[in-house]
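Structures for review follow.
Look at the two complexes coming up: subunit A is in both, with subunit B in one and subunit C in the other.
The block that comes next holds the complex of A and B.
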C-alpha cells in the first residue's frame, strides 16, 4: 500500500518539499481547521442562544437534513478533485427516486427498486463519463445536458406528481433506528467512511488528485486520464443513486421536483469545505465539514425565524467567506516565507500536498505546458 | 385565409433570433405582426362565422410542466378542444417570464384563432397581449391573473383568486381550532404569486381572529416533500406547541405530515392543510393524515377556459364579468368521496 501511495508523489515533479516544512505545517493547519472552527463556533453560538438547538431531536434532524446533501457532495468531491464538475446530480437524484419508486410500486419488491436505482445511477454516470472522455465535451456542458434531460424524463414519467404508495416493507426499513439514530444517518456515515478509504488508501484516490492537479504530469507518469475521469463520473452517478435512495427513505415517495438546486449546493459544500474548484486538492473530510456547516446554518436560520430574504443573504455571505479562506491561507504563507528565504522554489507558494496544479515549468522535470496533449 | 398564409413567412422571418437585441427586434417583429393580423383578421372572422365545423387553432401556453395541476388544466382544455373541433398547440413557460414572453410571441406569429395563457409573471406579458389585441387576436388568461393595465387587452380571465383560497384555508384552520391556538405557516417559493397571495389571504383571516397566534415560518424553495419535511422539522423544533401547520401546496404539506409523525404527534392532535388536491394528497386526506386540501379543479378550469375562448371567437360573446370564477373544492374526510366523484366525472 505504501508503494502505491508514493506513486503520485513521484508524479509530482516539484521536488521542493524539504526546504520549508514549518511554513507548510502552519499554512496547512490554518487551512484545515478553519471550517471546523467556524462550525464549532456556530454550534456553540446556536446552543447558547436557542434552547431547542442542541436538543436530541434537533441534532438528529440536522443529521437527517444533511444526509442527502452529504452523499451527493461526497461523490462530487471526487469529480471536483479530478478537475471536473457534475451538475446532473440534483435532477438525476430526483429522476432516480421516481424510477425507484415506480419499480417498487409496480413490482412490490423493495430490492428490485433499490437495484433499479443503482443501475440508473451507474448508467447516468457512464453517460456523463463517456460524453466527457470520448466526445471531449467539457464536463460543465455535458452534465448540464444530462441535468436537463433527467429533469425532462422525470416530468414525463410523472406529469410532475409524486409517486407514492411504496411497499410497507420499505417504510419499516426506512424508519429503523440503530443506537438511537435513524438508519439514514448510519448509511451516510458508512458512505463517508467508504469514500474516505477510497480517497486515502487506494491508488485511485491519488490518481484522482494527480489528474486534477496536473493532467499532463499525471499522463506522463502513466495514469490513464480517460479511465480516471470516467470512473469519477461513475462514482458520482452511484452517489446520485444513493442520494435518490436517501430521498426515498426520507419522504417515502418518488419526487420529480425535488433537489432542483442540489448539485450546486453540493459544489458549494465541497468548495466551502476547502476543496479546490480547480482540481488537484481536497478531501471528503473537508467536504464533511462543509456539508455540516451548511446544514447547521440552514437549521439555525430556520430555528431563529428570521425573514426568508435575509436568510439567503446570510447563506450567500457564508459561502463567500468560507471559500475565501484559500486566498487568505496563501497570503499568510507568502508573508511568512518571503523575507526569511529566497530562491526559485518560492514561486510556488502552496504546500506540496495542496497545489500540485501550480507546478512551475522551470523545474525542468516536466516538458513545457505547451506540449500539453489532449485529454488522453 | 390566403392573406394569412402569404403574410406568415414575413412575420416569422422577422422573428428575433438574435438575443443581444431581443427586445428591439421583437418590437419590430411585433409591429409587423400586428399589421399582418389587422390585414387578415377581418377575413378570419367571416370564415369562422360559419359555425362549429370551421377548423380553429388555439395556442395554449401554460405556466409549467412540473406541477400536475397544469397537466390537468391542459387535459381539460384538450377535451373541450376535441369536442369543438379545435386544434390545440401547447407550450410550457417553465416558470421563466422571459421564455414565456418569447413563446407567446412565437405563438402569435402563427396567427392562431385564439390564445390561452397561464402567465408566469403578472406584468411581463402585458406588451405582448397589447400587440395581440391591436392585431385583433383574442387572448384569454387563465389561473394566474395579470395586472390591471393588461386587462383591456384580454378577453377575460378564468381562474380562482389565490387570495381567496388563502382566506378559505385560514378560515378552515380557525374553525378547526375553535378560534384558539398557534398556527405555523410554511410557504413554498418566495415571490411566487401562488405562495404569496395565499399567504396574504390567510394572514388577513388570522389577523381577524385574536385567539390565533401565527408563526410565519420558512419558505421551502421548492415544492417537494423533502423540502417540506425539513422545514416542518425545524418549525416543530422551534415551536413544539404548534396546533396547526399551514402549507401553500400539498407536496410540502405531505412532508409536514411525515415530520409530525416522526415527532410522535398524533394526527388528530394537529391540523395540517395544503393546496392542490392531487392523488397522493387526497389519499392522505382519506387516511386521516392531511386534514384538508383545496383543489382548484384543473380539469374544470381548462374546460371553462376553452369554452370561454371558443364562445368569444365563434360568436363574439364576451364573458359577463372579466373574472370568470372557477369553483374550488375543499377536500376533507367528509367531502372526500363527493370530490372524488366530481374528479372522476371530469367536473373538477
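The block that comes next holds the complex of A and C.
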C-alpha cells in the first residue's frame, strides 16, 4: 500500500443532498445504552435498599474486585472481536503471578518482577497466537491446552503453596492512593483508556473488527489475517500479565490456584456487555459495562447476605439471561436497520418495550418501568 | 364454501406490506394458475422478494388477502403454506453437502412418518423407492445415494426442486432458479420447470434473464417500486419491452463509447500461467485502459485465472508489473502491486456485512485515512461521503450496515473500496450477478470510467451480453486453459456462446506450440494469443 495520504477533500459540492454524514442508525443507540441502563437501575435499586452500598469503603471494594476481571475482559474483548477465544488468561495469570512473585522474592527487585510478568505474558500470547495462526489449531483447543499447561506449571513451581514475602517497596505501591482511590483502580482505568483508543482510533482496531466480521473479506482487502490474529493473542497475553500484576497488588503473593475460572468469567463479561461471540462486533466500552454490571451484582448479592453457593447460581443464571437478551436485542436492531429495501429506517413502535421488560422481570432486581425508560 | 370450478388458482389480492414504515408492496395483485409458468419480473427493490415471502408464508403482509381457489387463506408460517400446497425454492443453495440426495429429501419431508416409516423409524428402502419414483416423475436422472456436495450446480438445483416437490404441492414458487447457473445448466432447470407445468403444477419464478423469461413463461407480472405495472401473456412480449416495463423511463444498458480507451502501455504481463494441473501454460497481457473479459464454462479455468490475477489464489506462473517481476501469491501481494479483487460472492467474501458502508469503503485503504496508525474518523466519513456521491451509492446512511444495501449498491461499495485504495487494476468476478438493470448499467459505467482514467479491468463473467457490452478483448477459456483471445468486434452473442460452450472454432487454430515452449513476445493487442493445444486433443484428454 502506498504511503500517500488523501488530502483533505475540498468543500463538499453536494452538501445540499446529504447535509451531514450521519453515522449512527436508529436502534444502535438503544443497543448501546441497554446494559448501562440496566447497570444504573441496579445501582439505584441497591443504593435505595441498602445504606452500605454507596459507602466509600464498599464502592472502593467493588472497583477493586472488578479490576482484575476488567483487565482480563478488556484483553478478551479484542480476542473475541477478532472471532477467537482465549481460555488461558485465568490460569495464565495465576502462573504469571507465581513467576513475578518468585522473581521479586529471589532478586528483591520490584522492577525485575514486573518485567518478568510482562515477558511471561508476552510469551504466553505468542505461543497461543503461533499455535492458532501457524498450526491452524482452533483457538478454543489451543488456549484450552495452554490453560491446562499454565495451571500445571504454576502448581509444579510452588507445590501448590503461595509465594509470599514480596519486597516492602511493592507493598507500598499497592497501598498508594490517588484522589482516594487505590492505584489498582487507576491502573485499570489507564488500561481501559489505552485499549479503547487502540480499538476505536487505530488501524489495528478496525482490522480486528474486520477480521472478526468477515475474515474472507478482510483477507481480500489485503489485511493479513495471521498478523492480526497473532497480535490479538499477544495483546491478550499482555493483559494476562497485567491481571497477574493486579493480583499481586491485591493479595501480595503469587497464587498458583487463583483465577481458575477467570477466563470464562471474562468471556461472560464481554458477552454480557454486548460484544458478539461471533466476532466483528463489540467494544471495550461495552465490556466495561459488562464488568461493572457483574461486579455490582456480585456486591449486591454479598450485601444481601446470600450464601456463596447460591450467589454462583444467581450469577450463572444472569450470564445466560444476558446472552439471550443480547440475541433478542440484536434481532430487534437488525429488524430496524435492514428492511429488504434500502430506504430510510424508522423505528417500529411497540417492539422495543418487550425486551427491556423481560430482563428485570427475570432477574427480579429491577422494576420494569425504569428499565424501559432509557430504551427510547 | 362453493369454490369456483376450473383450474386451481393461488394468489394475493391487494397485497400491501411495509418494513418499519418503508412501503415495499402497494396493493399488488398476483395470480398463479395451475399448469402455467408465471414469471415475476422487477428490479432489485421492486418488491419481488417480499411478494414471494408473502405468498409462501414467510412474511405476513400488512394488508391484502391470500386467495387459494378463490377462498381466503392465511399462512402464519412457511409450513402452513406448504401444507396448503404452496412450496418454495429459495435462491441460494440451502442444502446439506454431506447428505445424500435421499436423506436431503427426507430431511424436508414433513409427512415421512406416514409414508416411509416402520414403528416410527425411517424405512430407508421404502423411502429410496419413493425418491426414485419422484425423480423419475420429474424426469431427473440422479442417484438417490449421491452426496449433494458432489453434484453439479444444475443437479443441486434439481435436488432443491425435488425437495420442494416431496410434499406434492400444487404451486411452486422459485426465486431466481437459474441465477448462478451457466446457460446449459439453466436450460436443464427450465426444462424441468416445463415438465412440472405438464404435471399441472403452477409455477411462479423470478429471473433477471429476460430471454429465458420470454422463452419459458406463459405469463409475466412486472413489479416496479412495489406496484404491479403489468400482467400479460408473454407471447409477443419482447425482452426489450420487459426491460422497459421494469425500469420505466430510466436508461437501460449502458452504451459502449465510440472511442477505445485502451493504451499501448502494458500494466500486467503474465507468463507461463497454469489454471489447472493438466491445462497448458499460456501468456497474457493486460493493458492500461483495457477491459479484458475472461469467460468460459464452469471448470474452464476462467474463474481461476481471474482469482489468480486478484491474488485470491496463488498465481501459478510469473507476473510482471511495469516490467518488474513481482510476487502474486496473496491478496496482499496483489494489493501491493495495485491490484484489487472483487469476488463473485460479495456477501460472503466481499463485504463485512455488519459493518458500516463507510468502513467497508475504506477497508482496503485504512492507511490512507490515518496518520501514524491512527484512523481519522472524520476523513473516513468524508471519503465515504465522496464515493457515495460519486458512485451514486444508495444507502440509508454512511453508518448503516452494508447488509442494508441492495445488491447493486453493495457492488458499488466494493468498487468504491478499490477506487479509494488507488489500485490500477481491478479483477472482478460476475460484477452484476443479482443486480437489477439500472444498477447493472451504472456498474458498467463505473468500470468504463475506471479504464478511461488509465486503469485496467480483468472481468470474469458468464453473461454473454455483459462481456460483449464491456470487453475490449475477450479471453475464452476451455478445459483448464486459455483457448483464444478475441477482439470484441470479432464476436457476437451467438458466436461467443458457441465458443465458450466448446464448439470447434477452426479459425482459432493457429500458433500451436511445442510442449514447454512459450511464445516469446506478448501478443500485440487484439491479436489472438496462440491457443495452446489442438482442440481435438483437449477433448480426448477429458
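Criterion: the second predicted complex is superposed on the first by the 301 of 376 C-alpha atoms of A that agree within 3 Å, B and C clash if a C-alpha of one lies under 4 Å from a C-alpha of the other, contacts with A are read in each partner's own complex, and residues count from 1 in each chain.
Note that a residue touches a chain if its C-beta (ideal position, glycine included) is under 8 Å from a C-beta of that chain, and two chains touch if they have at least 3 such contacts.
Remember, it's a predicted structure, so these values are computed and weren't measured experimentally.
Of the two partner chains, subunit C is the only one that A:217 touches; subunit B does not reach it. For subunit A, the partner with contacts to more residues, out of subunit B and subunit C, is C. By the touch criterion defined above, A:55 lies against subunit B but remains apart from subunit C after alignment on the C-alpha atoms of chain A. Applying the stated contact rule after C-alpha superposition, one finds that A:281 touches subunit C and leaves subunit B untouched.
Residues of subunit A touching subunit B in their complex: 50, 52, 55, 57-58, 61, 64-65, 68, 94, 155, 159-162, 164-165, 175, 247, 250-253, 255-261, 298-299, 302-303, 305, 308-309, 311. The touching residues of subunit A, when paired with subunit C in their complex, are 1-6, 8-9, 12, 14, 17-18, 21-25, 28, 201-207, 209-210, 213-214, 216-224, 280-281, 335-348. On subunit C, the positions that touch subunit A within their shared complex are 19-22, 24, 45, 49-50, 310-312, 330-332, 334-336, 341, 343, 348-356, 358-359, 363-371, 373-375, 379, 381-386, 388-389, 394-401, 403-406, 409, 417, 421-422. Residues 64-68, 70-71, 187, 190, 215-219, 221-227, 229-231, 233-235, 237-238, 240, 251, 254-255, 258, 262-263, 278-280, 283 of subunit B are the ones touching subunit A in the complex.
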